[in-house]
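This report concerns only the one structure given below.
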C-alpha cells in the first residue's frame, strides 16, 4: 500500500499558543481514516495545515511522496486535495449549480466537468431538486450534501471532511455516512474524516487516530478502537 | 446524544464566551494613577506655560493657540473613542462640534447670553441631537454606522447653509464677543478675556476641560456601565441575552460623546471668535477617528496621544505650505504600515519580541485573511 | 415629469457605476474605500487632460477618423486603465499589508482615509481648484413639447435631452450590463463573487485570494475612474476638490441598497438618482437633507439596506 498523505511531526501555532505538537498521521491510497478527539483537540487545525490555510511551524507534509507544506491552497486543489470545511461554508447567494461549479474552479475541461456534475447529482438527488435555489436558503442537511458534492467537483484524490455530521439529523447522518463510503469506494478517493460523532466515524473507517490537546493519543484499527475501553469511555459515552 | 461529553482531563475548549464576559464585568478595581494625574496637571498648567513664557512674545500667542487646538481636538476625539468603546466607529463627531460651535455662537450673539453658560448649553443641545440621531442609527453596526455618521457631518453643514435666518448661512457668525469676567460676592472667579490675554486664558480653559474630560472618561470606563459597554464590544448577542437594556446602554455613551463634541465646538467658537459652516468638516471627523486609531483604541489615553502626535505633526508640516496635506497623508500611510495597531499598542516587551523574531526563527504567519468569518 | 424621470435615470446610471465599484471593494475585502470619490475625480481629470491635451506629442485632434472624434472614448479607456493600475497598487502595497498585520478590520478604514487625503492633496496640487470641462461630445438635442400627463404638476410640459447626454447614458447602461455579466459569467467574476461570500471556502475551491482581491480592487477603482470621465462630459465639469462629496454620495447609495451586494448598489444608485432628480424640482436646496432624513428612517427599519447581508 502506498501512502497518499503523510504528516511527519507537524507543529502548528496560533499566535504563540500551540495547537498541534508533533503530530504524525498517514493516509493510504484508497483508505478512509477517521480523526476523532474532543473539542479543541486540534482536528480542524490538522486539516488547515494540510490544505495550506495555515502554515505549519515545523514538520513535513507529503502528498503522493511530494513535499507540499508551504504551497498555497489553490495549488493543492489542483493537485487533488479537496476539503469540506467545518460548518458548511456554502456561498449563500449563489445557486446550488453555481456553488457546485465553483468546486470545479481549477478544472478547465468542460466535458469532464459536466461528467463530474452528473455524477454528483446522481449521488445526491436532493441537489437536483434544489438546483436553482440560493444555497443560503437550503436546510442544514442539504447544505452539507452540497458542500460534499462541491468538493467532489474538483475530482480530488484525497478528500478531507471536517465534521460532516455537525447539526444534521440522525437519519441524515446515516445517509451522509453511506455517501462517504460510496464515494471512497466508487470514485477511488481516499478520505480523511474528522468527526465528533465518533461512533459513525469509527464504523465507516479502516483506521483511526484519537487526538488529545494537539497530539495523537491513540492510533489503530477502527474496529479495535470501537472495542477499546478507553475510547469507549472518552468518546463513545459508554459507561464503565 | 449526538455530542459526546468532553474529557475533564483535557483543557476545556474556549467555545462559550460567557466566562469571558463575566470576567470582564468583574474586572479588577481601577488603580487610579494619582501620581500620573498630578504630574500631568503640573505639566499642563505650569511647565508648558512657563516654557511658552520664555519664548518670543510675538510667538507665544500662536503656541498657546496650537496647544489649545490640541486640547479641543482631543476632547472631541475622546468622544469618538467612547463610541468605539461600544463597538461603533463614529466619523460624525465633526457634526456635533459644528452644532456645538453654532449653538454657542448663536446663543451669545442673538440672545446675549454669557459665553460661560453657552459651553454646557452647547453640550446639552448636542446630547439632545445625539438622542434624536443616535436612537435610530445606533442599531447599525460596523461600516454602516461609520458611513452614516460620516454623512452626518456633511448634513450638519447643509443644515447650517440652508437655515440662514438662524445661522447666517455661508457668511457665518463673525462677531462673537470675548468672554467677560464672572464675579461672585465681589470675587472674580473667572477673569475677563481681553485681546491681549485671550490666547493664554483659552489655553488654560481648554486644558482644564480636557483634564476633566479624561477624568470623566476614566471614571466612566471603570464604572459598571463601562464594563458592560466593553462586553458589548465583544459580543452584542450575548450581552443582550444577559438582560441588559442594549438601546440605553449604547445611547448613554453616545450621548456623552455628543456632549464632548458639543463642548469642544463651543470652546472652538470662543477661541476663534467666529464660526462658519466649514470650521468643522468631514476631514475633521475623519481626523478624530484617525487620532483614536493612531493613539490606539485599546487605551483610554489613545485619543490624547494620537491627537498630540498627529496634530503636532500637522502643525510642523505647515512649513511645507501647499504640500502640507500631501506630506501628512504620506506620513499617515507610513505610520499605518509600521504600527497598524496604534502607538499605544507598542510595548517594550513586544518590540523586543519583534526584534528577536526578525533575528531568529520566523513566527508562523497567517495565510488566510479571516475577516469574512461569520460569527 | 418626463424630464425629471429621464434626469433621474441618467444620474442613476452614473451613480450605480460609482456604487458598484465601492461595493465590489467592500464585498471583497471589507474595506470601506474612502478614496472612492477621489478616484472618481482622478478619472475625470485624466480624461480631461487627454481630451484637452492629447498624449504629449500626439495632439487630441489626431484621433479624428472619418469625421468622428475618437479622443473621448480613448481618454475614457485610459482613465480606466490608470485607475485600475492605481487600485491594484493600493491593494498590493498598502491594504494587503495592513490587513495582514493589524488586529482589527477597522484599521483599513484609517488607511483608506489616508489614501483619500493623499489623492485629495495630489489632485489639488496638480489641477488646482478650477472647474475643468470638455466640449460636448455631439451636437443636437431631442426636444419636444409634450401634453402634460399630470396637469396638476408643473414641469411636465417640456422635455429636453441633448444627444451627448443620451449617448453618455447609453454608455453607462452598457457598462453596468457588462459589469453584471462579467461578474456572472466570467471566471474572475465568479471567483470574486465567491470570495465576497465566503473567503475561506473560495480559497478551498482553488481561488487565488491574493490575485482576485487585487483584480477586484482594480476593477472597483476602474469603474470609479471611468464614471468620472463620463460625468465630466455629462455635467458642466469636474473640480479637484469634489472627491469627498462624491464618496459621501456613494456611501448613501450602498447603504440604501445594502453594502457588498451588486444588485443593492445598482438599486441604490438609481433610487438616489431618482430621488435627487425629483427632489430638486420640488424641494430645491433641502433635497439632500430630506434624503438623509429618509435614509436614517429607512435604515432604522432595515439596517442592512434593501438587499444587504443581514450580518453586514
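Per-chain numbering from 1; labels A, B and C assigned in written order.
One rule holds in what follows: contacts are C-beta pairs under 8 Å (C-beta built on N, C-alpha and C of every residue); 3 or more make two chains touch, one makes a residue touch a chain.
Just so it is clear, the structure is predicted and the values come from calculations on it, not from any experiment.
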Comparison of A-C and B-C by number of C-beta pairs in contact, larger one: B-C
Reference chain B; chain at largest CA-centroid distance: A
Mean-CA-position distance for chain B and chain A (Å): 49
Separation of chain A from chain C, taking each centre as the mean of its C-alpha atoms, in whole Å: 43
Chain centre separation in whole Å, for chain C relative to chain B (CA means): 32
Interface hub residues of chain B, defined as touching at least two other chains: 365-366, 368
Residues of chain A whose C-beta touches two or more other chains: 53, 72-73
Where chain C touches two or more other chains at once, by residue number: 198, 200, 203
Of all residues in chain A, those that touch chain C in their complex: 51, 53, 72-74, 77-78, 82-83, 85, 89-94, 98, 101-103, 105-106, 150, 154
Of chain B, residues touching chain C in the complex: 89, 133, 135-137, 139-144, 146-148, 150-151, 154-155, 158-159, 161-162, 282-283, 286, 289-290, 293-294, 297, 322-326, 328-330, 332-333, 336-337, 340-341, 345, 365-366, 368-374
Residues on chain C engaged by chain A in the complex (per definition of touch): 187, 190-191, 193-194, 197-198, 200-208, 261
Chain B partner contacts - residues on chain C that touch it in the complex: 26, 30, 32, 34, 94, 97-107, 109-111, 113-118, 120-122, 124-125, 198-200, 203, 209, 244-245, 248, 251-252, 254-255, 259, 285-286, 288-289, 292, 295-297, 299-300, 303-305, 311-312
